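Quick one: the structure is below, and I'll ask about it shortly.
In this document, chain identifiers A, B, C and D correspond to the written order of the chains, with residue numbering beginning at 1 in each.
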Amino acid sequence: MIQTAPAGENIAFGGVMSAEPFSPSHRESLRTQYHQVRRLTERLCEPLVPDDYLLQSMPECSPPKWHLAHSTWFFETFVLASFEPGFRPFHPLFSFLFNSYYEAVGERWPRPARGLLSRPASGEVFAYRHDVNKRMAGLLETADEVTWQAITPIVELGINHEQQHQELLLTDLKHAFGLNPLRPVYLAGTSFGEGKGTPLRWTDHPAGVRSIGHAGAGFVFDNESPRHRTFVERFQIASRPVTVEEFLEFIEDGGYDRPELWLADGWTTRQQKGWGAPLYWDSDAAGLRSVFTLRGQQPLNMIEPVCHVSYYEADAFARWAGARLPTEAEWEIAAGAGESPGHFLESGRFHPAPDNGGGQFFGDVWEWTASPYAPYPGYRPASGALGEYNGKFMCNQMVLRGGSCVTPARHVRPTYRNFFPPDARWQFSGFRLAKDGPS
Amino acid sequence: MIQTAPAGENIAFGGVMSAEPFSPSHRESLRTQYHQVRRLTERLCEPLVPDDYLLQSMPECSPPKWHLAHSTWFFETFVLASFEPGFRPFHPLFSFLFNSYYEAVGERWPRPARGLLSRPASGEVFAYRHDVNKRMAGLLETADEVTWQAITPIVELGINHEQQHQELLLTDLKHAFGLNPLRPVYLAGTSFGEGKGTPLRWTDHPAGVRSIGHAGAGFVFDNESPRHRTFVERFQIASRPVTVEEFLEFIEDGGYDRPELWLADGWTTRQQKGWGAPLYWDSDAAGLRSVFTLRGQQPLNMIEPVCHVSYYEADAFARWAGARLPTEAEWEIAAGAGESPGHFLESGRFHPAPDNGGGQFFGDVWEWTASPYAPYPGYRPASGALGEYNGKFMCNQMVLRGGSCVTPARHVRPTYRNFFPPDARWQFSGFRLAKDGPS
Amino acid sequence: MIQTAPAGENIAFGGVMSAEPFSPSHRESLRTQYHQVRRLTERLCEPLVPDDYLLQSMPECSPPKWHLAHSTWFFETFVLASFEPGFRPFHPLFSFLFNSYYEAVGERWPRPARGLLSRPASGEVFAYRHDVNKRMAGLLETADEVTWQAITPIVELGINHEQQHQELLLTDLKHAFGLNPLRPVYLAGTSFGEGKGTPLRWTDHPAGVRSIGHAGAGFVFDNESPRHRTFVERFQIASRPVTVEEFLEFIEDGGYDRPELWLADGWTTRQQKGWGAPLYWDSDAAGLRSVFTLRGQQPLNMIEPVCHVSYYEADAFARWAGARLPTEAEWEIAAGAGESPGHFLESGRFHPAPDNGGGQFFGDVWEWTASPYAPYPGYRPASGALGEYNGKFMCNQMVLRGGSCVTPARHVRPTYRNFFPPDARWQFSGFRLAKDGPS
Amino acid sequence: MIQTAPAGENIAFGGVMSAEPFSPSHRESLRTQYHQVRRLTERLCEPLVPDDYLLQSMPECSPPKWHLAHSTWFFETFVLASFEPGFRPFHPLFSFLFNSYYEAVGERWPRPARGLLSRPASGEVFAYRHDVNKRMAGLLETADEVTWQAITPIVELGINHEQQHQELLLTDLKHAFGLNPLRPVYLAGTSFGEGKGTPLRWTDHPAGVRSIGHAGAGFVFDNESPRHRTFVERFQIASRPVTVEEFLEFIEDGGYDRPELWLADGWTTRQQKGWGAPLYWDSDAAGLRSVFTLRGQQPLNMIEPVCHVSYYEADAFARWAGARLPTEAEWEIAAGAGESPGHFLESGRFHPAPDNGGGQFFGDVWEWTASPYAPYPGYRPASGALGEYNGKFMCNQMVLRGGSCVTPARHVRPTYRNFFPPDARWQFSGFRLAKDGPS
């Protein structure tokens, strides 16, 4: 189990969000978890002004209002519609408006146009949330044992789904704010301590047949299973993610201008988009670099993990450094059980912190791996509409591991597989290096 | 002077918006007019929910918040910045954010991204309006005679500019609402009387040298001048715009499927966009036609002027009918002094009404003419940045005349030249027919 | 009647192409004209290598092979198919492949994909031409009087149509060659004499009602009629087109970087396409300017008319010069009967020459006018499919007048109206200035 | 070593192309191989008409002329430029025009515009080939031992590179011909015997650590190495590729209309492109299906391997069939040493044939695997410009194995890794099924 960041660092979201451990196998615990997670989503919206709710800066991003409604639609569609006696939808069109990508559920409103739905007004969306919460509470309280067995995995999935949208709500908001010349501050009133950082060390792992993937009890996504054997050659892996300082060396060595360092598609992308630094980096007239964060513009901290880079940039850096990215098997082997986590959503930083010696496998930044997102041997998606959750995206994406500073702490685990296209930069994505072992 | 619609038809906006005549040459009158017009813009926003303020459904449309800010920016930039003692901008970035297209004023935020500016929040934009209003009030009160002479034409232009944005605020909002499956109602609580309609008559006008364009006192846009001679062949012109009933005949005769009726660019556009009826027309499963309006979905009224058609559709209809569109000279000659206007913004209908025998040259629907938008002989744009107001758009657009049901009544006049690209449909645009005179 | 250039200047195409006057109303004459024009098209292809026949550099351009086939298709479709006894098409698919834009004739191969038709091979296309020529010869010889009367206007139209494609064949070829880093030479072995050029003079024309457009006998396109009255204010017009030297002054004065000189659409286009000089201008490392021509790369001749500019550039130059472009009425009034023509296709220059004092209203460069392409009062398109020839393009284009150095001499006349979109630069398009007359 | 198809099936290319085994380690043998391969490229062009040489139907395809020139440029650039005494390029611009994607060699002509290079004329390109061949012959004959050691691997790479372009020349030509309504026949005069086909059997393979990839002597591409261990779970694999008949069942069961069978990106692609059958399938008015081939339109043969399907279609079929695609490790394990090959380029069929019981792991159709194209553990690209050959494409592509009916027989081997994006259909791509082994 991943541990949360020390309480002292929880700057603004302290009280309510303390992430108490709970045992999800019991009814009371699941109810508590449901309401805590649902409540957290709304708390994340408290710093917003009404105009922010409709904000969609690119097709890959969704407006806050849409996240609020879609995560509600999930419970309404997959739990209430099947298990609530006398179910009637809150609104006949909401299934059309707030379905994300479930073909089996029917037609849906086009993703790039989510920012055009000024109605339902935000107030109606909150009413939708509260109505569904009330009905969910009723169902969770009154369900007979058969129903309870049937809904438990779906409710757990819905809770984890909502946690994913908590992260997306923040990443999407950051993307839109980052485009605004006024550089809006999501949450003011902090300054990040500089920390001390740690030198890079290499850890050696022997070759052999290993097992990765999930086995045993507890909630996981289907893509984490089955646990299976894989052969891993001897490798070395870095003790922490690549830092801002190290990435600046790459930039200053012409890294963005040397095609021999880049994958062909990466170079094309870099040319088309004019990349010359990670997303959100800025520099003033005097050349002083700073970075846009959810807590306002900040000076660039040399010892932080570099963040908001694409797979292409991570891969080019690794080639420049004479190293490579780890495969997801190597990462999972090296990460172990996650005893020394970094910072998660609950820390209230919303920005990665320097390594304190714990290695930062968990929290702070998602880490790009060298592994294309593909099914594990023997993988079976869930049946029905929920089978669309993960499996149908297993093409053209790369696996990221470990969670970030905007991931809820209880959401990740060592076997967790996140995935994004190789050109994506708006997630809190960094990377660590690996090398072939000496033979 | 165009007269306003009879008071009895003013459904919802009655009291405040009564369009009292005023004499703009006097200081008191201009002050009154300034505040009336500024106030009306805000009244038009009263039916909105907060989420609507950010709504931008296509690059040609702007969010309500942007209209509110840009019309304020106009006074701040062209009046206060030059004439207010000790001028300081309300916010250093607003000139960048709310400049529309004035190259001479500097760089500006890209038009298609206006919907991404969730900040400044709407509240700040209203504060911006009130601050500028207060400073404008001070300047209008205290200006010495020399300053007064200098600012009067700019203030008049700013007032007319804001009236144009009142119309655009409504047309843009209608466009976004029209895309929303919930079909939001801008203002509820009305039903349109059916009226009686009038038969089509043709009026004959002899050939000869005529004068068109503006001469004399009173505010006009630069594109209406100079008054000049033009030779007009004998022509006939319809007594009223084409109606819904007449347009339905065209549709039922296959008008949208017969390329021989269409201009080449029109046919390409019709094919690409899949047009088969005017914008906002709908039909239910039983084939019953209705139309989306700012006052809710309404049954199609056969005797109303057809509205929300492009120039291409107007032109194709005219060819089908064995007629043509009038040139703007023919239209201006036929329209005369505008004694019998139709319905304007102040009527509160926000939807065209049937002709009551007055001919509807003014109000209800803008009328496409056969004239490309080009400078009049001897045309001179204003000097400085305001010279960009009209002249630089004199290419690739067609002239429309007469104002619509969302045009403020005091805004139009017989010489008024509106202009849009030939494929535009989201304005309240209709048309009337003309024919060559018997020779 | 436009006279041809002096024989001495006919560098390479001298003998065969001498443009003997003919009287097209007689059968013998029409037959001669038919075969001369058809033969000239093929002679224009003699300098090509086989690879050139498939060359299409943009959707607006067509491959040489397509011009060869389409101009043949015109006679087959509009003459033979209706009038040849026992007509059978040369190939059942050619009507589909070589129809340009005649909706009434049926579906057609998409324009941007004309360069994909490697088959029919060029040899087959020449066989198609010869077969149609033979059958046309038979029909022109044996037609009875009724048939003769019916086909004469169509054959005349087909001849003029083919002349238009002779010009297009060269402009399209130049465009494709101009993109090739090898800069292919269409026809080698010439050097252009520098000439002397002439100073700019202004001619004054009084205000009044004038008549423009075609009346009387002789072939014209439908868009040149009817002759009609128009009121023209007093104006002045330049004695010759704008020269390279004058255009260079505009460039050096920052003309391409000053938005206040440009139409809004023009400025957008200039920004998107990165224009900084007319098409085909080049400069070497030392800054020495040259120009790509069909007769090889040439030093820039200061006294030539500037060529290959868009309407937007012509309009911006005129604004910079404190002048404007003439309307087509002004141009036609000033051009008179065309007594002193410049250089046409038959000169073999394929590049504009300096004015020799004749005024160059005809030949050398097409001249952009300020007139959008619109129907004349009382205009009626031809009936049937040939009605699509001109009328359906009367939108979004500007009128050019006078013919160019790649227009066949017998093809133009004072009333001739050419038309292109305002951003087109690959035609041999220049312009002359006009001014409002002193009042 | 893959054996070639039986001589009897070599329909039109028999004599010259017999693929004699050679030992590439000897100078004489390499010389022979060089000239045989170079000659074969030209023989493949013999059926073309001159117009075909410029044909480019999409950016991914290149004109025949470009293939002829680029494969020559490879030898000129990587062999002659470094090793020929007194080297001078054949033409100073050819390195710019015919470089494909080697950033280290410098700027290059944009890929989508290869079809615009009508010059150099095809004749010049053949002259370029002959000149380089002559100089290569000289160098291969006279090189001292040190030079010989240095150039041997590059010459071998160049030969294999040219073989790849032989295949591409045919696939690209087929794509362009397939768009032409005339349906050109590349080579006429054949009819495909129907064959008998074979029933589908499943072969069982046990779990365990296996080695894949190349080890030992002989030419291979860098992406096939190093040979390395991998853990493979128990699996079953089909005895032959999926046939037309089987794929028709998928179609008739609604396979193209059931999103639950498709990857998300696959479904989007299928929707956007309107796929409903493999590329090149056609059906007449009576519903009779046929297929376009390089040897003319042919009736659909039920027992042939299905061909010209994308990865997305292969993956959807497998899901529909309750199976999956094999990984490349599984494929390589099952394929063994390639004792029973199918049909290659030398057969002259240019179209896949039915399985004759040999299993068709090699030849006939490339087989999509479930493996994203990624580096093998310990992979090192070549140094210098040739390091760009394979490594930089290791993203967003899927591995295909086994070669096709247009692959030269001597070009493939069991470890050969081909790769294309998952939406590519214009290669001769089919697939075979696999299943998890019973546990």
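The definition used in the following text is that contacts are C-beta pairs under 8 Å (C-beta built on N, C-alpha and C of every residue); 3 or more make two chains touch, one makes a residue touch a chain.
Computed from a predicted structure; not experimentally measured.
J.: Using the touch definition from the top, list the chains contacting both subunit A and subunit B.
T.: none
J.: In whole angstrom, how far does the Cα centroid of subunit A sit from the Cα centroid of subunit D?
T.: Subunit A and subunit D have C-alpha centres separated by 39 Å.
J.: From the C-alpha centre of subunit B to that of subunit D, how far is it in Å?
T.: That pair's centroid distance is 61 Å.
J.: What parts of subunit C, by residue number, touch at least two of the other chains?
T.: Answer for subunit C, listing residues that touch two or more other chains: there are none.
J.: Every touching chain pair, please?
T.: A-B, A-D, B-C, C-D
J.: If you look only at subunit C, which of its residues touch subunit D in the complex?
T.: 49-55, 57, 65, 93, 96-97, 109, 113, 115-123, 176-177, 179-182, 184
J.: Under the touch definition given earlier, write down the residues of subunit B that touch subunit C in their complex.
T.: Listed in rising order, the residues are 101, 103-104, 207, 209, 228-231, 233, 259-260, 262-267, 311-312, 315, 370-372, 374-375, 377-378, 387-388, 392-396, 422, 436.
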